[in-house]
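Here come two complexes built around subunit A, the first alongside subunit B, the second alongside subunit C.
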Partner chain A sequence: MNAPSWTTVLFWFFAAGGVITGYRVFRADSMVRAAFFLLASFAATGGLLVLLGAEFLGMVLILMMAGEMLVMAIIMVMYMMNPAGLNPMFMVHQHRTSVIAAVASFLALAVLPFVITLPARANPRPVAATAQLGTELLGDSMLVFQTAGVTLLATIVGTVALTSRRGRYGDAEEGSKEPPLEEEAMESP
Partner chain B sequence: MNGYASAGVAVVLTGVALAVGIYLVAIGDRLLASLVGGGGIGWRTAVVRPAQRATLLLLQQRLTTEPSDAPGWALAPAFFLALAAVALAMVPVARGRAAADPATGFVVFSAAIALVMIAVFLHGWSPDAALPLHGAYRYGAQALSFQIPFLLAMLAAALPAQSLSIVDIVAAQDTVWNVIRTPLGLPLFLIVGASVSSWGPVNLADAADIAGGTSAEDSGVGRLLWQTARYGMLVAVAAMGGALFLGGWWGPLLPGPFWVILKTVVLLLAFLAAGHLLARVRTETFVVVSWAVLIPLALVNIFFTGAFLL
Partner chain C sequence: MNLQAVLVVAAALFAIGVYGALSQQSLVMLIMGLEMMINAGILAAVGFWSLAAGGNPQGEMLVIMFMTVMAVEMALGFSLITNVYRIRRADITEKLRRLRE
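Our next item is the complex of A and B:
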């Protein structure tokens, strides 16, 4: 029996790690732990992408997810009913629906390996994947990505415009104005 | 020119460089503190004191808070130190040589810097105490604000090389250093570098006004590891600043590794001096300046670099 190559060892490390941490996301009893387990799962997926030769995509996935997961953890803690999200909680609700959804999506994904044609080589040849990706993004697919980018930017601007109208010191259009020092007569509620 | 040193060489090289750098930072910090603040400790004291302090912390009892998240608390310093090692491994040490030079070294380094926010947040969150949590949220605001100007500043340094490999980026500075081609890049990089190490004027997460912030509840080996990781990150950032903006191994007469070390030490001295001379900024100021001033400046910087190259 041949000793397994480093690639094989790393593949199983990342594959098993991704599944286990993904499972732990739903067993965690705290929003922050769940978010960080999800980050670990994404990092393992990034490792798999690097093994596939898509170095840039794998590393960018890890780079982007660091910030995303922190934002997600903070915002979810903000929405928690218990103080500061520090009390234990359950990640899974509507158990029967979740089981059906999980089985259905697993079957849908499990069909894929049987219906696509897999490449003959197990290990991809080293290619200039980053350069190819750049050519694709700024070449044939430019319109798609630029449209998506502008749409997302418009969404961000729209969200900020809708939510930040009323600030602590008055309406946003009037500019921020500090409250006067002398006490004003309170209006009746 | 992309490749990796053999695993053993890379680990030993990075580990030794990190350990020596961390100890030098500890010595330099004490010397500068006595230079600026008086109290005149000599060279010998400055050299021996960090070892004494480390031994004391190793022997000290490790106190915990009652409802702490123990695995997260133990993991955070180790994760932080590992990120510093990954960042340092990307720095070219001699002509065309680095412990690891993947084709996307630029992205690997940026990912290490981005993941620091997870380490710091975990470190502040897991003790389940008010002051560490305060520090963690501060760092969240700080890290999310500097992320975009940081990436833009790094991008301007990669433009002349037309490559994401750090060795290629240094190799492209043979005639003129990036500090001239992208003049705003180095200051932006240094601000971010001090931020990820919670250092000096931009130390918001571990600041004195919240009694040490995320490390307020640390004691014993946990405190030792966290401070070590902070120093290690400072070393990694200074070394990378020398490579990205000050021409890395390029320099007259002397061999490449000498110039790499000299540039790292110069940037480290700048960090240490800033730590003792400049006042700490407020979180609100940092966030507003990052979004409203640093992002436009970083964009101007990219345009300047583009114009220089054309």
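Our next item is the complex of A and C:
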């Protein structure tokens, strides 16, 4: 058996890093730290994408997620209690069900590749993936690309409409009520 | 590095995402779980594109659509969280028992 190539080593490095930091997201005491763990997980996935030959997509994923996670960290500091992680935090519900669902989905998805016959037509190496993607984006798949752009534009409009305080239907806080200072009783529906 | 290994890693990420989306009380952490599931989808799609699709660039288009969905989901999720926080002063799912009050 020959020594593992550097792509194999890097692959397992990124894979283990992505999964471990992904797990740490939901075990971190601070939500800001959780956001940065998620960013690390995404960066590892971006590394895997680059290893798989999708350099452009991997880099886009990392850049996009860097921005998203910074926004997420700011949102955390704005809204959440205990953003600094000074106290241990474990805010979960239906824990058993979640663990069972996660393990079941992992087993189902991880066993599947070994029991079915996967197509094995690897990309020709070297493949100019970025140039091909550019041609595809501005060629045959332009409609798809434009649809994605219009979807993002609609998202911008929808987000502004949802978060503006005064809208077409009056003040956003009209009819809302301040919560009581003491812990409100959880009544069952 | 073969397709099975990529898919197993994607399955692990997806399972962590399922756990997060189902178990977290905080709305933002819930969104993190959803993002991680889409991330697993991206990884699996690129794995298929790279190792099973023979270099068809339309596979990468699919991944770009995944990324669009990710951005849309996060932006709309955050605007909804902002609204919920403004109206109910709530940031966890348990406080949203009733849709209308």
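Following the convention adopted for this analysis, the second predicted complex is superposed on the first by the 130 of 189 C-alpha atoms of A that agree within 3 Å, B and C clash if a C-alpha of one lies under 4 Å from a C-alpha of the other, contacts with A are read in each partner's own complex, and residues count from 1 in each chain.
To be clear about the criterion, a contact is a pair of C-beta atoms (placed from the backbone, for glycine too) under 8 Å apart; a residue touches a chain by one contact, two chains touch by 3 or more.
Quantities reported herein were computed from a predicted structural model and do not represent experimental measurements.
Shared-chain residue A:Glu55: touches subunit B; no touch with subunit C.
Contacts of A:Arg33 after superposition on the shared chain: subunit B is touched, whereas subunit C is not.
By the touch criterion defined above, A:Leu63 reaches subunit B but does not reach subunit C.
With both structures placed on the common chain, the touch criterion links A:Val71 to subunit B and to subunit C. Look at A:Thr8: by the touch rule set out above, it reaches subunit C but stays clear of subunit B. Partner contacting the larger number of subunit A residues, of subunit B and subunit C: C.
When the two complexes are laid over each other on chain A, subunit A has residues 56, 60, 64, 71 in contact with both subunit B and subunit C. Residue ranges of subunit B in contact with subunit A, taken from their complex: 67, 69, 72, 102-104, 107-108, 110-111, 114-115, 117-118, 121-122, 125, 128, 133, 137, 140, 143-144, 147, 164. Partner subunit A is touched in their complex by these residues of subunit C: 1, 3-20, 22-26, 28-29, 31-33, 35-36, 39, 42-43, 46-47, 49-55, 57-58, 60-61, 63-65, 67-68, 70-72, 74-76, 78-83, 85-95, 97-98. If you check the complex, the residues on subunit A that touch subunit C are 7-8, 11, 15, 18-19, 22-23, 25-26, 31, 34-35, 38, 41-42, 45, 48-49, 51-54, 56-57, 60-61, 64, 68, 71-72, 75-76, 79-81, 91-95, 97-99, 101-103, 105-106, 109-110, 112-114, 118-124, 127, 129, 132-133, 135-137, 140-141, 144-145, 148, 151-152, 155-156, 158-159, 162-163, 165, 172-173, 176, 178-179, 184, 186-187, 189. Those residues of subunit A whose C-beta lies close enough to touch subunit B in the complex are 30, 32-33, 36, 39, 55-56, 59-60, 62-64, 66-67, 69-71, 73-74, 84, 86, 128, 130.
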